[in-house]
Structures are given as structure tokens and as C-alpha cells.
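Paired with chain B in one complex and with chain C in the other, chain A is shared by the two complexes that follow.
For the complex of A and B:
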């Protein structure tokens, strides 16, 4: 898979009003997304996931770094992007209720991206009808207002609206975290169906690890605006090599009762403030494996092969630790079983209750 | 159909609402120290004379009985009599309320004309010079006392420039007022085709209305600015931006969503100003309802105060009903 999105050494800092200091939200993020692929972006609240997504869609200006879409530079304000890229990168927000204009009928909301592309009216109508059916809603709903829909239906509308321009990449910013478990499973199934049909690439932002495991091909773990580990989702989930990933995974309450995860890695304390970033490894204050060197130097990326990258001086020690990788393997099998069942038996799986701060 | 049901339900609620308001204001007015009998009879009155006047005024009854009597009279359209004007309160108010309404309505209209455009302009470019003016205005106008501004305006436009008539009432003393139809002098003058009376009435309106307009544009400006900013920063506006929608449309859609909060603050101000414009009324000897009520409070003249509260309450409830109906018509979230 050749990458369609390449993010290189992205930095973003927000000035704090009334002060000379900055919120250092993104601190050197590098990753890529292949065509038709789903990259899961996981991390705790405030780690900078949304900011990364906003930089990519052009809603936020970057402080430094480079973003390329199919080889073209898009690390500039949206207004200066090449016109033919309009509609090629789409976004789905976390709160479906807020992402739809309350005073606009559903049909018009779905149609909006086409207006910007100056698609003629007759064509627009056909595309809107196709889009609403693709997400499993009836055409009658086009006449309704957002408030008359459930949150799950609103999110389907947001997905229909995003897909109407035939994007090649959709940034999904926690598209399911505002939904109840049933709606969540349905939306995930819908997204996977659309990807199978249209080959759209997803950047799937979430702090819900089991959902990410379920939908992603690859995963990137973000901590304080840095990707500490990324790689194939099965590999990272089964054998995390960064203490933070291992800790994050061990903190997950798995939906299945007989998976009890006892990892030997426990993260303590609070996330350091993104205003005063610590020297050295950002995790050093919380990491049980920290050594003196960790507090002085930033660990460089280490390539473990197969696209598995990790930023940790002691990732070999993490690998050799007994951190219940069997359980992860079992979890993986279970997830695949659910995934298979999902395709045949419809949305019955339980993806709920797995939030992790 | 639904709309008629809605109005019916609202009207049903208005009666208990008014009863509550009357009860509370009755208790408040009665708790003001001061005895109207003493004031009416003067300092030389004998205790006997005071007691007999108390009986005549019904003040010898207990408070609940007094309230009951007031309600019974109210049911017959009798709002009591003012001992100061010795006229029925209803007549006094019918004469004075339109004066206040005229002043407040025009003042509020000016406030909207100043506040909304400035608020919009400052929301569009947060760092532009109009935004600077708007911010300055928001700070300045919010902290100015209205009567002080009135005096400044009088000094500039009457004393110095002589552009407007003296701040004494609603029309020149030398001009015969038009026959009352609505009680609003400018309207009545137009109805009577009396151009001279209209000119004079309008001239007297300018400064007090401008005072109210300048002061009350502040909150309207702030609300317009903040709700517009909020809408422009909402996810649905952001989505339109990232889709490459023309700025003009993004702004129009944001405005459509910001409008209800602006309308709400305007309607709240409208109700508030009926009584809240009293200092301006006094400065310009407007002779409106607010001034009448304050005289009542100062002289233990209960019925004008209660009558004023009742009139303002009915007016406010009416304004809110109209606003709700507007929402009902324009907002899909309520009407569906």
C-alpha cells in the first residue's frame, strides 16, 4: 500500500492568551496512512489526537512539519489548497448533534459539500439519495431536522455527508464515543462496510481501545503529542513494546469477563502539563522502567521491522516482560470471532464499556 | 392547529402567573414603611381622624382580607384610586403607560440598530477596528448610568447646540396635543394629521430614546457578538469552512442559529425597561408610568404601584408570548 497521507514531524503549539507561553499540543508526530487503510490513533484525553486530525483537514494551522496528501503539500491553510483536493479529505466529528446545523434539514446538510464543489442540482439530488441509503437511512429522513433523529442516526448523516464527495481519506474523530453501545457497534459496522465497498482510508481517532482493535489495520499510540509506538494493530496489541502502550492496554476493562488482564506495567501519577514539557522521555515521571538516561534524553525511534516503531530506551526489556501477552492473543482471537460474527449476524457484538480516560 | 393549542396553554398559565406576581408585589408594597393616612391628613391630624381614615381606606383589615378585597375589585376592573391624583389608577395608567411604551420601544429599536450591527461586525473579524470599537463600547456603555448619559446629552444637544426642545415633557406646552387615540403622542398626531404636533412630539422623543438606545445597545451587542462567535466556532460552521463553502453562507447559517439568543435578550430588555427607564423618565419629566409608580412608592400610594406592576407584568408576558410564537414559527426544534 502506497501511503496517501504522510505526516512528517508535525508540531503544533497554541499561544496562551495573556502569557508568553504555549500549550505544546503536538510535539513531532510522524506517520502515514495507506490507501484504503485504517490507522487507529489512540491516547488519553488531551494527548493531542483531535489536534492532529484538525491539522490534516486544514482546520488548524501547523506550527511546523509537513503534511502531504497523495504527494501534494497540504501543510498550509485550507484556502490555499489545490482546488482538486476539495472534498478528498473529509471529517466526522465526535458530537453528531453539534456537527449538524440544527436549523438545516438533513437533506440539505448532506448536500452541502457538493455545493462547495459546484455540482449541478440534478446530480446533487441523485448523490444525496445514494448517500443516505448507503448509511442505512430512509429518504424520508432528508426532510427532517437533526433534533428529530437519534444520536446514532445523526452520526450516520454525518458519515453520509462525509462520503458524498467520494473522499479518499476520512478523519473520524471519536465518531462513536458519544453513542450508546448498540449505536456504536452499528456505526463501526457501517464504517467497515463502506470501507470494503469504496476503499476509503480512515484515520480513526479514539480512546476506546477495543473499538480501535476492531476497526484498524494499524495503530499509533499518542502520549503528550508524541507517537510513542506504532505498528500493525495485532502486533502492538499482542506485544506492546512501549511501557505506555502496555500500561494503556492493561488498564482496559475488557468486555469479556474471563479475560482478566494482569500486566506488570502500571502507570502512576498524572500526565505532565503540555505547557511545561519535561526533559527527556515524556513518560519518565510515570514509567516503572525509567532509568537515569530517560530523564535526560528523548529516546529516538527504533524500527522493529514491519513498520513497528517504538520510542523507548528499554523496549527490549518490555518485550521480555511477562505482560500477559497470552491474554492479548486471546483477546485478539475473540475480537476476530466477533468481527466475523458481525459480518454475518449483524450488529450484535458488544463494543461498549471499554473507555479508558 | 398545534399553534392554537400552544397559545391556549400559554394563556392558561398567564392567570396563575399574574396572581403570583400580584400577591408578591402586594406583600412588598405593604411592607414599605409609611402610612398614607398620615401623609394625606398632614402633620396636624388627630389620632381619631387617622383611625377613621384607616377605616375608610380599608387599612384596618388584616393583610389577607385587604388582599382579598383588592382581588375582588381587580376582578371588576377597579385598580383602586391614587390619593395623590385622586383619580382611578386605571385611568392614570391608561394615560401614562403609552408614554412609557413609546419611549421604551423607540429606545430599544435604537439599541437594536446600534447593538446588532456592531456585534456582528466584531464577531466577523475579531481583531478588526470595528471589533475594537465594539469591545470599547461594551465596556463603556455597560458602566454608564443612564441618567448621567441623559444629562450629558441634554447638555450637548439642548444647552449647547439647541438642536432639540427643552427636556420638559413629551410635547411643547404651547402646542395643543392631538386627541388621544392610542395615547402614543407621535402616532396620535399622525392620525390627526397634525404635523406640528408630530414634529414637537418627535423632537421631545429624540434625546430620551437616544439615551436608552445607547445604554441598552451594550447588552445586545455583547449577546450578538458572543452567540455569533459561538456559532462560528461550532462544529457545523467548521465543517462548512473545511468543505470550502463561501464565507458568506457560513456566516448566514451561523447568524440563523445565533438569532434566537439575540431575540431573547431583546425581549427581556423590553420587559425590564418598562420600569427600568424611570430615571430617564424623571430627567426628561416624561410623565410616564414608571415615574407614576415611583411617586407612588415614595408617598405610600399603594394602588398606583400595584397597578404599574400589573401592567408591566401583562406587557412582559405578552412580549414573551409573541417571542415564543416567533420561535415557534422559525425554529424547527420547537415546532416539531
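For the complex of A and C:
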């Protein structure tokens, strides 16, 4: 499977006004997303994961590096992208309410990407109707204003809008963070259903690890604008090889008494300032395994096979210290078992699609 | 026809929950009608002196009395909106058009890079200089340098108000261009220009519209003020400010009417335009409008159900139930 999105050595720094210094938001990010695949981009707030997404859709200009979509260079302002890529990459924002113009009826918001493609009005109407039904809302809602919808419904509208041009890649920037658990589960299931139907690739940006575990095929862990570990989602979650991934995973609380995520690796302190990046490994100041070498040089990527990459000198020690299993997957199965006992419908995220989200 | 009927019903119901809006529109309407139909209400000429009937107290023949040269005050007071409103509205529209156009431009480009940022900066500093002068002094200076005429007064109003719209629009656009829906529009593939037309301007217009009506009130005041000090419209043209000026010497000797009636007309009209501005703000701002719709709903529930059937469709079209 050849990747449709390739991000190579991406850097982004924001000038600080009134100063000669910079916020170094992204510091050499390299990854790719295959067609129809979901890559989860996880990390703490401020790790730069949103900026990566914004660079890809062309909302933020990158400082260095290269982004290619289906082999074509898109690492330049959006206005200079090749015309035929219009509508091929879409974005869904975190804040569903704010991404819809409050003065515009839902129908007009959904059809907007078609205007850029100069689709004639008659076809637009049919496509809009199809799009809103695909996300499980009724056609009557096209006449409503965003304020009349719930957050979950607004996010469905945002997804309908993103999907209307049949994009090959959708950047989902924390699409479920602003939603309550029920709406979150429905949106995730909806996204998976759409992916199964249309074969859309997702870049799923989130700090919610359980959601990422559930929806992603592969996962990339971002720390201070760097991908410290990436690989198959089951592998990274079951046996993280970077101390940061292990620490991040152990910080999650699963809503079930039998599942706790113990790890012998505890991270201390705060994420360093992206203005004064530390020398060596960015995690060295917080890492219990750090050795002198970690503080002097940045660990190069180490390929563990199967696309599993890690930036750590001591990843073998991490592997031997941590006997973590894929607790998330176990929890998932347990949750499904419990839910299946209650009603016959199978998966955790059962989606009638018509609930009030 | 039923649509108009529904609309009128809605107007009545809004008037019941927000009586001051009704008052505002009534005042403005009366001022406009008075100006338009002044000849129907008065047999006198607004500019002809009658030296045999000077400084007469209000009476049945002269409702508001006569001034020092024998002109009928009532006639002049109702003719005055022709001058005052025309100058104020023209000047305000001109300033809003020019000011908000430049403001939108400045706002959109003030957060980027390159020469456009510096240009935006220069425009803002020029506006600072303009606004640093007291409005009145600045207007007098303009009249002094361009000569005393109605056009100059219009120009003065446009000039002193333009920075208000410039700032207003700039601030609005700067806030709105950061909105997610603006970014969403850009990601959807619309150009800067189309995005400004579709999303930024409609969402930035509300305070401008509200300001417009309030500003017409101020502009009337400025017109009258300039005329009062002799820098605006010349006598005997019927104009409230110059009428007040003509009459105020007589105040000390007890003839209050030449100044008081035009003064009242001026005050009430300015007040009316402020109320209309307030109402526009409420109608155009989704949050304030929601409060109004809520009050309408409360009023409807209190009223006997047969008397009120709810045709607030015009307003609720944009509202959550």
C-alpha cells in the first residue's frame, strides 16, 4: 500500500512578537498515511499535534520540510496547490459549534466545499442530501441554524461537510474532545462506518488514548513537536518501547475496576518549554531511564521492524522493564461483552445513527 | 397580504415587550414625515420674515410662537429635518461606507506579514491622529478650510466618523478572521475574497449597523452644533442648531420659545435614533435576539391564548426553540 500522505522532516516555528526567539512547535516530524488507513497522532496538549494537522491542510505555513499528497508537493500556501487536489483533503475541527458559520443554515454550510469545486446547484442539492443522511441526520435539519443543534449533531454536520467532496484524506483534529461520552462513541462509530464505505484515510489527532486505540490502525506518539514512537496501534499500546509512550499509557484511567495500566515508568515534571528546547533527547529531564548520552545527543530513529520506529537509546530496557499488555484492547473486549449481555447489538459503539448525539 | 399582517402582529408584540423600541421608531418616523410633509402641516413659509409679528408667544395662530424676525417657529421646526436628517444621514452613510471598507481591509491584513501589515499600521496611526482632535474642533477646522456649505458639513461628519467605523470593522474582522468557520471556509477551498464576502463581512456587520443609527443621532447633534456656532448651515435655512442660536439671546428677556422648541425637537430626535440603534443591535445579535424571543414567548404564554397566535416566524427563523 503506497502512502497517500507523506510528511517528511516537518519543522514549524512561530516567531514571538517583540523578541528574536521562536516557539519551536514542530521539530522534525516524519510519517505517512496509507490510503484508507487511520493514523492516530497522540500527545499532550502543546505537543504540536494540532499544528501538524494545520500544516497538512495548508492553514499554517511550514518552516521546513516537505508534505506530499499522492506524490504531489503540498508544502506551500493553499492558494498554490494544484487545482485537482481541491476537496481531496478536508479538516474536521475540535470545536463543532465554532466551525459552522452561525448565520448560515446547515445546508449552506455543508455545500460550501462544493462551491469551491464549482459544482452546479442541481447536483449540489442531491449531494448535500446524501451527505446529511450519511451522517445520520435528517434532511429537515438542512434548514436549521447551528445554534439549534446539539454538539454531537454539529460535529456530524462538520463531518458531512468534510465528506461531501469524497476526500481521500480527512484530518480529524480532536473531533471528539468537546463531546460527552455517548456522542463521542457515536461519532467514532460514524467515522469508522464512513471509512469502511468510502475508504477515506484519517489522520486522527487526539489526546484520548482509548479512542485512538479503538479507531486507529497505526499510532504516532508526539512529544514536544517530535514523533518519539510510531507503529502498529496494537504493538505500541501493548508493548511501548519509548519511556514517554509508556508513561502516557500508564496515565490513562479506564472506567473499569479490573483494568489499571500499571507501568514501572513514571514521568516527572513538566513538558519543557518549546522556546528553549533542551539539548539531547527532549525527554531526558523527565525520564527515569535517562543516561548521560541522552542529555547530549538526540537519539536517532531505531527501526524495530513492521514499521515500528522509536527514538530512544534505551528502548530495549523499556521493553524488559514493562510487562504491559494491550489493556485497552482487553478493556474493549470486556466492555463489548458487558454491553452484549445487556442487549443483542454487538459492538460497544452501537450506532443507530438517529440518536440526538 | 397575510405575510404583511403577520409582520404587523409581530411588530405589535415586540412593542409590548420592548416599548422603547417602538418609541424610537415612532420618533424617527415622525421626524422623517414632518420633514417630508411639512408644507401640509403649516400655512407659513419657513424662511419668510414677518416683522410685524416678531417674538410672539405660542398661540393658536403660531403654535410655537415666532422668532425675533417674525418667522413661525413651528413651521421652521418641522421643516428642519429636511436639512438636519439629510446632512446627518448622508454624512454617516459616507463615513460608514468608507470607514468600514478600509477597516475590513486593514483588519484582514493586519495579522499577516510584509508590506500589507505596515500599510495597515500606517492607516491605523492616521486614524489615531484624526481621532486625537476633539470632534467639534476638527469639524470647525474643516468648515473653515473648505468654506461654509451643506456639502462641507456632510464632509466634516463623514471625516470625523470614519475612524469609528474603521476601528469597529477592523476589530470585528480581526476577531472573525480567527474563527474556525473562516478557517473551515479556507480549507473547503474558497478564496480569501470569497471567504470575506461569505463569512467575515456578514458576521462583522452587526455592530456597524447598530452604530449607524446611533451615529445619525450624533451627526444631527454635530450638524446642529456647527450651525449653532455659525460654522454650519446659514440662517434663514430652517435648521435646529441655527434656530437655537438665533433664539438664545431672547431667553434672558423671557422669550424662551425660539430656542426651547427646536432644542426639544433636536433632543427627542437624537434620542429616537439612539433607540433605533439599540433595537438594531438586538435584532442583529443572535444572543440578544434570543433574549428578545424568550421575552416574546413569555408574553405569549401570559396572554390569553385566543388573543395571541404566534407569528414570530420572522425572528425565530434564526433561533433555537
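Keep in mind that, in the parts below, the second predicted complex is superposed on the first by the 323 of 357 C-alpha atoms of A that agree within 3 Å, B and C clash if a C-alpha of one lies under 4 Å from a C-alpha of the other, contacts with A are read in each partner's own complex, and residues count from 1 in each chain.
Convention: a residue touches a chain if its C-beta (ideal position, glycine included) is under 8 Å from a C-beta of that chain, and two chains touch if they have at least 3 such contacts.
Only a predicted model underlies this, so the values are computations on that prediction, with no experimental measurement involved.
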Determine, for the superposed arrangement built on chain A, whether chain B and chain C clash or fit.
clash
Would you sort A:23 into first (chain B), second (chain C), both or neither based on which partner it touches?
neither
In the overlay, answer first, second, both or neither for which of chain B and chain C A:58 touches.
both
Pick one for A:290: touches chain B only (first), chain C only (second), both, or neither.
neither
With both structures aligned on chain A, tell me which stretch of chain B collides with chain C: 7-15, 25-33, 61-69 or 79-87.
7-15
What residues on chain A does chain C touch that chain B touches too?
57-59, 78, 86-87, 91, 93, 95, 98-104, 112-113, 115-117, 145, 147-148, 161
Of all residues in chain A, which touch chain C in the complex?
57-59, 78-79, 86-87, 90-91, 93, 95, 98-104, 109, 112-113, 115-117, 145, 147-148, 158, 161
Residues of chain C defined as touching chain A within the complex
179-181, 183-192, 194, 198-199, 202-203, 286, 318-321
Give every residue of chain B touching chain A within the complex, in rising order.
234-236, 238-246, 249, 253, 256-257, 331-333, 336
Touch list for chain A against partner chain B, complex:
57-59, 78, 86-87, 91, 93, 95, 98-104, 112-113, 115-117, 145, 147-148, 161
